[in-house]
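Across the two complexes that follow, subunit A remains constant while its partner is subunit B and subsequently subunit C.
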Partner chain A sequence: MHATFTDEFMVSVEGLVKYFPVQKSFISQLISRKREYVHAVDSVSFQIRKGKIHALVGESGSGKTTTGKVTVGLIEPTSGKVVIDGRDIFKDEVDRRELRKKAQYIFQDPNSSLNPRMKVGQALEEPLIHLSDATKQERKEIVMKMLEDVNLSPAASFYSRYPHELSGGQRQRVVIARALIIQPKYVVADEPVAMVDASVRAQIMDLLITMQKRLGLTILLITHDLAVASYMADTISVMYLGKIVEQGSTEQIFSNPLHPYTNALISSVPVPDPKVKREKQIPHGEVPSAIRPPEGCRFNPRCPYRFDRCTREVPELLELEEGHFVSCFLY
Partner chain B sequence: MKREYFSPSRFIFYSILGRGYGRAFIVAGFSIIAFLSTMSIIAPFISPHDPTKIGIGPSNSPPSPSFPFGTDQYGRDMLSRIIWGGRFILLVAFTAVLICASIGVPIGLLSSYIGGNLDRSVSLIMDSVYSFPSLILAVMIISIYGTSVINEALAIAVVYIPSYFRVVRSQVLSIKELQYVEAAKCSGANTLSILFKHILPSIISSIIVVATVNFADSILTTAGLDFIGLGLPVNLPDWGIDLTYGRFELASGSWWVILSSGTMILLAALGFSLISEGYAERQNPKIR
Partner chain C sequence: METILSIRNLSVSYYTDEGEARAIRNLSLDVEKGETLGIVGESGSGKSTLALAIMGLLQPPARVKTGSIYYKGRNILSMQGEEIRKLRGKEIAMIFQDPMTSLNPVKKIRDHFIEYITEHMENIDEHKALEIARKMMKSVGISEERLDDYPHQFSGGMRQRVMIALALALNPNLILADEPTTALDVLVEAQILELVKRLKNEFSLTLILITHNMGVVAEMADRVAVMYCGRIVELSKTEELYKNPKHPYTKGLIESIPLLYNRSRKLVSIPGHPPDLRNIPSGCSFHPRCPYAFDKCMNVEPELEKKEDGRYVACHLY
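What follows is the complex of A and B.
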């Protein structure tokens, strides 16, 4: 049974917890001994099937990026297990180099994730230098081919440009190319279209889908935008304050949203039809602090359906229909 | 995204010449330094007189066809003294800059990149060294080990290491949090490769600025050591000695002694400033 489990899933995250200690000044350390933590990610579990796209959706501060970085080993978790391609990346003595070859990360902001002093060619060559045995000549050929693959042609002209000479969309393509150049199996795409113009957003999403099909990639898509998730993802996890509140296939989430927070998110996606009048269910109030998260269900201070139990107990993630999980006392 | 910081010399250079003179600055700076170095090296063959010989001309004579830079109060030929005068001071300054940059920069890079307790203890040591008055430490080292190029350079270098450390550290602290450093980590780059390929190129212009100041300061400290008698024997030709002793002769109207020696020190510092400004501009691809 364990064998089929590892065969089926590329990525499996179980009970992932990440607390960041809050930096305190020397004086306040003297006054209070108690250490405080930001509860960035609090027991998050999900699996991604091979060759599928799973989206983590949530507003900023919900722990999506932290989760993504932990799954490629860029951040050590406080506790929990991440299995990539059948190996626990924090437990087994996994060679860092092997892990990097397998799991790559597409960084959020293409403006700051490219070194301004390195030409596009050098930036793309870097993973090959560290992670492959290709010769200089071979590396150049691979980079040229990759540039063509992400539609940066003529490749020779982009090869020797600096990042500031590129448009936002072109920079995003370079960042995607850098993550894919060593042909990883698993890629985390952190807000891949948040920083590009609306006009090139669809092109970048299509590029990611094309590359995913061609390389058989498994993608963890991190986004705050449900429209992006619905366009690209096969399955979706909705996160709120470090916890997954609802999980299911894209169809299940959109046709039958269960959690009040998911409902609110979906009602905020604009529909391109002026006649459609929908009741907007924007949750009132602000996202509470992740240092002292609310007691009970974390969504309770903003939830329109709150009752007694919500402030006392923490809801479990329950499977309501096949593959559709929700963590809410309404069900 | 390089942060632009204000530098008076850059402001002056740019307001006179405008931007885009990086290459010209570097060429001019290197020419000055090359000229001074060559002059010092071939001094024995080009100086018209023996720079230490007293009474070659009349005492305190102003510039004239036979003594183009005049003579000092002992009647020594200033032109010969200027030609010879760079040998010791430039060598000490070069060596000092080389020593402290090659110690301070790697320590700063590693310590701030690794951070934690290592960084805290190294910073503490550096701060205590920094609190030493440079001249007093130099006096101590030289009175123990005697006057030589290496000793003087070491004495100056020890005190300047923390300047490099601090400048490097403060910049690395902000750069190491940037996404492209994390991206490099994700591309499989190891710590050394991140430090020297991604971080060092972004801070090299600030290092060169510190080196320029360090160079000028080394020259002044060397001159100061000469002045209190711990440097070279007083009769040896040296810009620093001529500048410090020339002060007294200025009162009697002999402006040429400090003008010539002071100009040489100024030229040496200017050469380095030009290199640093030119390099800073070329390093920033956005204004190339």
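What follows is the complex of A and C.
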């Protein structure tokens, strides 16, 4: 997926690699000079069309959050390129302030991403102070309107509340409002409903979709929950141990999953309907360490269809049907 | 059907500086021997408090205000020190949500087993205890050599297997599993759920499964109790509950989950948010969020009653 960059894409990630050095104790440093690295993200490429939602799904340790953080410039990549709205964000001349205006991040836990001593109004005003030229009066108007937009109504009453006075769902609305208040073009939503009560989850997902449509936002949705991805996303990349194993439209991924890992993921989601009886294909074992990922295909030690080649060569991400990519020697 | 656990009019409150948080309000429930009873609810619904009450583990600021919990005819809530310690582990055991914080990081797995077994069983030496430990590790699919490892040497799923092995070591009758797979990834979750299903049959257990995940309950439970705001609002056989949910809250919960096998379904979300337990709405505590609420709902709290079709629901609509 190395198409040349065109106007239709808001985000283009190419060959992204991020290794984190492993912290060693003093003694083990003396014994061995060899540095070890966590291969968090290993040559990941994807593109997101303007105004669309792309989901990164995978289990913990698959590299989805690292990828998301790199795409807004919160983490520097080891190598690879990220182009947002036509500009390479890791080129020197890129103004950080301009990037922040364009690309925002919604963090997973609304309890720890809001300052407990800051009123809702102040929290929302903060990005405007730093990233816009709005006057004090204008800022207040923008904040009040945004509060109404995310259904924190009446806005005046929420404006002067502290985070602890809000429910979990309301806090998540504030976090979303704060990310959107400077009208970014691209937003990373990192597990936006993972910490929200079940009965409020659909409200938050619908709010994100509504705001995305209204503002023409491009969203990178990071989630471990396939059902959330299926409800919100236009396109999906399935990640395993730092690599994309399958990529396609939401329809392609769920109606015609190709990679054995995607199949396993889909079949192991507990179905909230006792009538639906399925044969589960649960791979044995657990995700291996990303410090020394398996040779060949990273999924091979757990794959029921593994053959010789899988343990020796790394499969490439190949396009099997239009827009549907898979990295597996079975195809 | 033999009733193994019977909860009668249980009320539990947490007494905090900001006032009394009523976590469980006048709750009654029977658990039948051999069944898997799912208890679903959101955070703050009182489901974990209920588990702690059954284990006799409630501590200040929590206090039992009224009610009793009978296990095989004996009231757990009136038991004292030694008596309740004998019940725990041998009769009722618990599997907690987070296997990392429930295991002691400076103790080998073998020592966890030895301590747990010798504490609760009389006349047993370390040798015998280790024999049990080996057997249990085998039945949860871990090789016995790993008894010599420390908790941090295990992955999340393996640690939960160890917790399950420990919980079953004294051959209890009733297992309380509080969000046993919430901290785990989906593939590992599926493995653990399969394991729990298998062990439940192997050891003829009664299982109370507490979770917020409607999918997990649908796959595991024979009956489901839906909790909202410290009360059971609906109780029924799993299939009936999902096919025809009666209480508007149950209905809302089921209709608000995105489904992989029916992606075109429009989600209906429940408006509002769960109430503050220090300030519970009058009448039916769900009425401010209920699309069907009428006058009576605001003033009179509905009781969980058996309806003509044999299902239990606490709602004035029925």
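Here is the rule we go by: the second predicted complex is superposed on the first by the 321 of 331 C-alpha atoms of A that agree within 3 Å, B and C clash if a C-alpha of one lies under 4 Å from a C-alpha of the other, contacts with A are read in each partner's own complex, and residues count from 1 in each chain.
By definition in this document, a contact is a pair of C-beta atoms (placed from the backbone, for glycine too) under 8 Å apart; a residue touches a chain by one contact, two chains touch by 3 or more.
It should be emphasised that the depicted structure is a prediction, and the values quoted were computed from it without experimental measurement.
After superposition onto subunit A, the modelled positions of subunit B and subunit C are compatible, with room for both. When the shared chain is aligned, subunit B comes close enough to touch A:E126, but subunit C does not. When the two complexes are overlaid on their common chain A, residue A:M10 makes contact with neither subunit B nor subunit C. Taking subunit A as the reference chain, the count of touched residues is higher for C when subunit B and subunit C are set side by side.
In the overlay built on the shared chain, the residue A:A264 is in contact with subunit C alone; subunit B does not reach it.
In the superposed three-chain arrangement, the CA centre of subunit A forms the vertex of an angle with the CA centres of subunit B and subunit C, and that angle is 80 degrees when rounded to a multiple of 10. Of the two partner chains placed by superposition, A:C303 touches none, neither subunit B nor subunit C. In the superposition on chain A, A:S167 makes contact with subunit C only, while subunit B stays out of contact range.
The superposed three-chain arrangement places the nearest Cα atoms of subunit B and subunit C 9 Å from each other. Within subunit A, not a single residue is touched by subunit B in the first complex and by subunit C in the second.
Contact residues on subunit C toward subunit A in their complex (touch as defined above): 42-43, 155-158, 185-191, 193-194, 212-219, 238-239, 242-243, 249, 252-254, 256-261, 263, 267-271, 273-274, 289.
Interface of subunit B with subunit A (complex): residues 1-2, 178-180, 182-190, 193, 198, 201-202, 283, 285-286.
Across the interface of their complex, subunit B is touched by residues 72, 74, 96-97, 100-101, 104-105, 107-109, 111-118, 126-127, 130-131, 162, 164, 175, 178-179 of subunit A. Those residues of subunit A whose C-beta lies close enough to touch subunit C in the complex are 59-60, 167-170, 197-203, 205-206, 224, 226-228, 230-231, 250, 254, 264-266, 268-276, 280, 282-284, 286-287.
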